[in-house]
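Two complexes come next, and they have one chain in common, subunit A, joined by subunit B in the first and subunit C in the second.
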Partner chain A sequence: MSRELQDKAKELLEKEEVAQVIGYGAGTRRSRARPIFITSPEEASQLIWTPACVNNLAVYLTRKETKVPGRVAITAKGCDARALFVLIQEKQIRREDLNIIGLACRGVLSKKALDQGKGDLDEETLSAKCKVCLVHTPVEFDFLVGEKIDSPEPSSDPYEVIADLESRSPEERWEYWQGELSRCIKCYACRQACPLCYCNRCITEKSIPQWIEKSPHARGNLAWNIIRAFHLTGRCVGCGECERACPMDIPLMLLNQKMAREVKEQFGYVAGMNYQMEPALATFDPKDHEDFIR
Partner chain B sequence: MESKERETEMGLTRGAGSKEGGNGWEPKITAFVCNWCTYAGADLAGTSRLKHSPQIRVIKLPCTGRIDPLFILKAFERGSDGVLVSGCHPGDCHYTSGNYHARRRFATFRKLLEFLGIDLRRVQFSWVSAAEGAKWAKMVNEVTRQVREMGPFEGYRKISDG
Partner chain C sequence: MKEKILSIKNRDKLIQGLREKGFRVYGPRESEGIILFGEIQSSSDLPPQYTNSAHSIKEFFLPPHEPLLSYEVRKEGIKTHPLDQYPIPSVLYGVRPCDAAYLPIIDKVFAWEEKDELYLARREKTLVICLACEEPDEACFCASLGYSPTGKEGCDIALTPLDDKRLFAEFVSEKGERLLAEFPDLWEEIRPDDEKRRAEVEKEARGKIRRQVEMEGIKKWLDEHFEDPLWEEISRRCIGCGACYYLCPTCHCFDIVDEGNLWRGIRRRIWDTCSFGHFTQMPAHQPRGSQDRRYRQRIMHKFKYYVDRFGPIACVGCGRCIEVCPVGIDLTEILAKIKERVTASAKD
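Now for the complex of A and B:
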């Protein structure tokens, strides 16, 4: 499969259809991968596609440090492609400027498995997000590496932990989240890893007035995590990079998946599946429910 | 005598029913309201001499569509025990669709707050038009009563110190 990918990238660069290919290359340790940015056909042989290719490369499309003039080819798993589609929907990139090299994906390794140096994909090493994935094949692509895979029924209830939290009292939930968020050190790795956190000036950087304090303090930790979850509501595609990047193992995906479910249940909208649609919170329906309003 | 009974009924009795508040504690309610409907409605309540709980602090915005969820968080951080958000009825927004956007925004934001352990009786929403002075007074009394029963927002008190 890596060979198929390398040949395609080489062809795109040789024909000058793209100026840059963003993909994965060998990492610093055996069985690790890391993002690479190649601009010449000779470099195409560096590209790999393994279960260690966990990064969501869409994040690099909005960073000026990695932008080059011209079209870009990007390798994308199903989850990564969803992020691409939200970026297109939000007019951050144009579909015609992208060549999407889709990756038919059976799953990637979890953070824990990678830290333990494991390289083989199995039930134990599979990332939690892959167990509930519905896009084993990207929804749209210009070229597909591998054979199309139909997503199986999720092997676990994607909302099991969320439902458990919802069944508890507000006080218990408050204690739970105060505990989890007490570990937050405000490193903003979650924000940096997220392909949809592309604001030139994040709300948390505004100091006159200061809405969210920057130091690792319970009040600011709560405000930061609430606001990030809310700014991603209807936009988060569930790629899990935030949780993977968090050095303090905060279960950020619980917040994001909860909000994704709310948007789906309340407005019938799932982010990143169809970029012709309007984002859920950027639009409205005069008939939206208002059972919570007196 | 009659007016005292009415005051109790309207939830105006001082310090009554508060759990952890102690003697004389009164809830602080911050209201974020739109200029064209609810603020005018509140004004009508005033000119009509309708009585309601004095624990409310009204912050006027041009439209509920302008209300950032951060305002609600800030209100709690700065000592509010409850927040009321109120605006024009759907279809009556002065800016045509601001309240529609607010409706979606708050429909989702309140679920996030609930998930994090905030009792949703502390964050309430209403449509109050410029003609509904009585509804405004009723809303204020109702929210104040419910928040008074719940007591001070201890959770936020603890994290807001220092």
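Now for the complex of A and C:
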């Protein structure tokens, strides 16, 4: 797999079709992978594609430090590509500037498996998000590494954990979230790892007035994590990077999944499946059946 | 230094005794797979095995947030009220030596020209009991910085397990020695072979550290390379979060915020980091406008500026930054890259 990817990257750079390839290289820790930026054909042999390639590299397309003039190739799993499509929809990047090297993906390793130094994919080491994946093959790509993998109906209910939480009383849910969010230290790894948190100035950095209290106390943490879930509503593609990046292991994806389910149920919209569609929460139709919006 | 034995049986009596004397005893506790320091009642609250806690013990001396004063905006003007804070006497049990070693380093900045009263009061009221690290993590590199998995720097009492029944206790500070007198029945005399066994445990633990960095020459290279292509190279994948800073024991930058409404509020001190894009943002200028400059600051502060001003390197090799980085940045790799340049220039 890695070979096929390396050859493609080399070819793109040799023909000067792209100025940079953003992909994965070996990390310094046991069986880890990490983002690398390839600009010359000779370096293409550093690229790898393994179940440890967990990062969503789309985050680098909007960072000024990693932007380069000209076309860029990016390796993207199905979930990563969904983030690319939202960035295109939101006019942050242009499809024609991108060469998407799709990765046919059977899933990536969970954070726990990586922490334990495991490198092989099995039921136990598979990341939870991959068990309910809709896009084992990116919806659109310029080149595909590996054979197309069909996405079967998820074997378990993607909203199982949310359903379980919802079955509890408001007091129990409050207690649950107070407990989980009490660990938040506001390092903003969730925001920085998220390809869709690309605001130049986050609402937490706006201090006149201070919308979100900056202290990581109960109120400040609640405000921060709720506002982030709100801002990602109808946009989050479920790549799980926020939760993976969180050094305090807060189950942030529960908030995002809850909102994703609302959007799906209310508007029949799933984010990042088609970049030609208008984003669910950014459209207006004069024939809208709701009165308040007209 | 006085040396005694604390049996595992007596350890519970010690924890109990300290609690009875009004100390709050904190130790590592496991919940949902994450190790965090929390209050403990007895040693049964401690995890059977752990490498280190997710947080360093920094949270006890420089908490993630702490109130400094409250204020009211009145017609007559602004009125402030001190929030008298009296730290509760505490004991931190089961601290790893790398974490304790951070204390004497960072004491220097908090006891510098302006004495940081809150930090110093907590330091005075807190007793640090270390437990030697027998199974260093893949990311650990304390020995490269002159520390040891059984080290004593910053500890009041340093414990090293000799076997599953006995702990070798070294009374490092006067504060630690007080426990000898306060609990005379709990400490047993060392036996002839105990010191030998302690040395063996240290040797075994050191042998398990997989990372080593040669520090010689690194400071000098930093002195001469404020501008260098290396900074961009090593920071390109950095996404600018604060995970490495917030979990680092020695990182100690903070921000002051006022939280409240138009009429009243509380002024708090919270953690902050040079990694954030707005950290040095000023109305007219941002001297660290890109991540390579911010990342350079992180390295320079630890391995050059702190050394210039206070002497010690502001890193204890706990490896947390390596463990938590979402994009796989590795401090030992960066130091090795600098070392390569040092070696290469020596050959020229």
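Keep in mind that, in the parts below, the second predicted complex is superposed on the first by the 283 of 294 C-alpha atoms of A that agree within 3 Å, B and C clash if a C-alpha of one lies under 4 Å from a C-alpha of the other, contacts with A are read in each partner's own complex, and residues count from 1 in each chain.
The rule is short, and it goes like this: contacts are C-beta pairs under 8 Å (C-beta built on N, C-alpha and C of every residue); 3 or more make two chains touch, one makes a residue touch a chain.
It should be emphasised that the depicted structure is a prediction, and the values quoted were computed from it without experimental measurement.
S.K.: Looking at A:259 after the superposition, I want to know if it touches subunit B, subunit C, both of them or none. Which is it: first, second, both, neither?
M.R.: In the superposed model, A:259 contacts subunit B only, not subunit C.
S.K.: Touch check for A:63: first (subunit B), second (subunit C), both, or neither?
M.R.: In the superposition, A:63 contacts subunit C only.
S.K.: Considering only the touch criterion stated at the top, classify A:91 as touching first (subunit B), second (subunit C), both, or neither.
M.R.: Touch status of A:91: no partner.
S.K.: Once the structures are superposed on A, label A:214 by its partner contacts, choosing first (subunit B), second (subunit C), both or neither.
M.R.: So A:214 only meets subunit C here.
S.K.: Please work out whether A:15 is in contact with subunit B alone, subunit C alone, both, or neither, and reply first, second, both or neither.
M.R.: A:15 contacts neither subunit B nor subunit C.
S.K.: Is A:244 touching anything from subunit B or subunit C once the two structures are fitted on A? First, second, both or neither.
M.R.: It touches subunit C, and subunit B stays clear.
S.K.: Hey, what residues of subunit A end up touching subunit B and subunit C alike?
M.R.: Subunit A residues touching both partners: 217.
S.K.: Where on subunit C is subunit A touching in the complex?
M.R.: 32-34, 36, 54, 64-65, 138-139, 235-243, 245-247, 255, 257-259, 268, 270-271, 273, 276, 278, 290-292, 322, 324, 326-330, 332-333
S.K.: Which stretch or stretches of subunit A touch subunit C in the complex?
M.R.: Interface residues on the subunit A side: 27-30, 32-37, 55, 59-60, 63-66, 112, 117, 183, 185-189, 191-193, 201, 205, 210, 213-217, 220, 241, 244-245, 247-249.
S.K.: Could you pull out which subunit B residues touch subunit A in their complex?
M.R.: Against subunit A, the touching part of subunit B is residues 69-70, 73-74, 77, 90-91, 97, 100-101, 103-120, 124-127, 139, 155-156, 158-160, 162.
S.K.: Can you list the residues on subunit A that touch subunit B in the complex?
M.R.: Listed in rising order, the residues are 162, 165-166, 170-178, 203, 211-212, 217-219, 222-223, 226-227, 229-230, 233-234, 255, 258-259, 262-263, 266-267, 280-281, 284-286, 288-290, 292-294.
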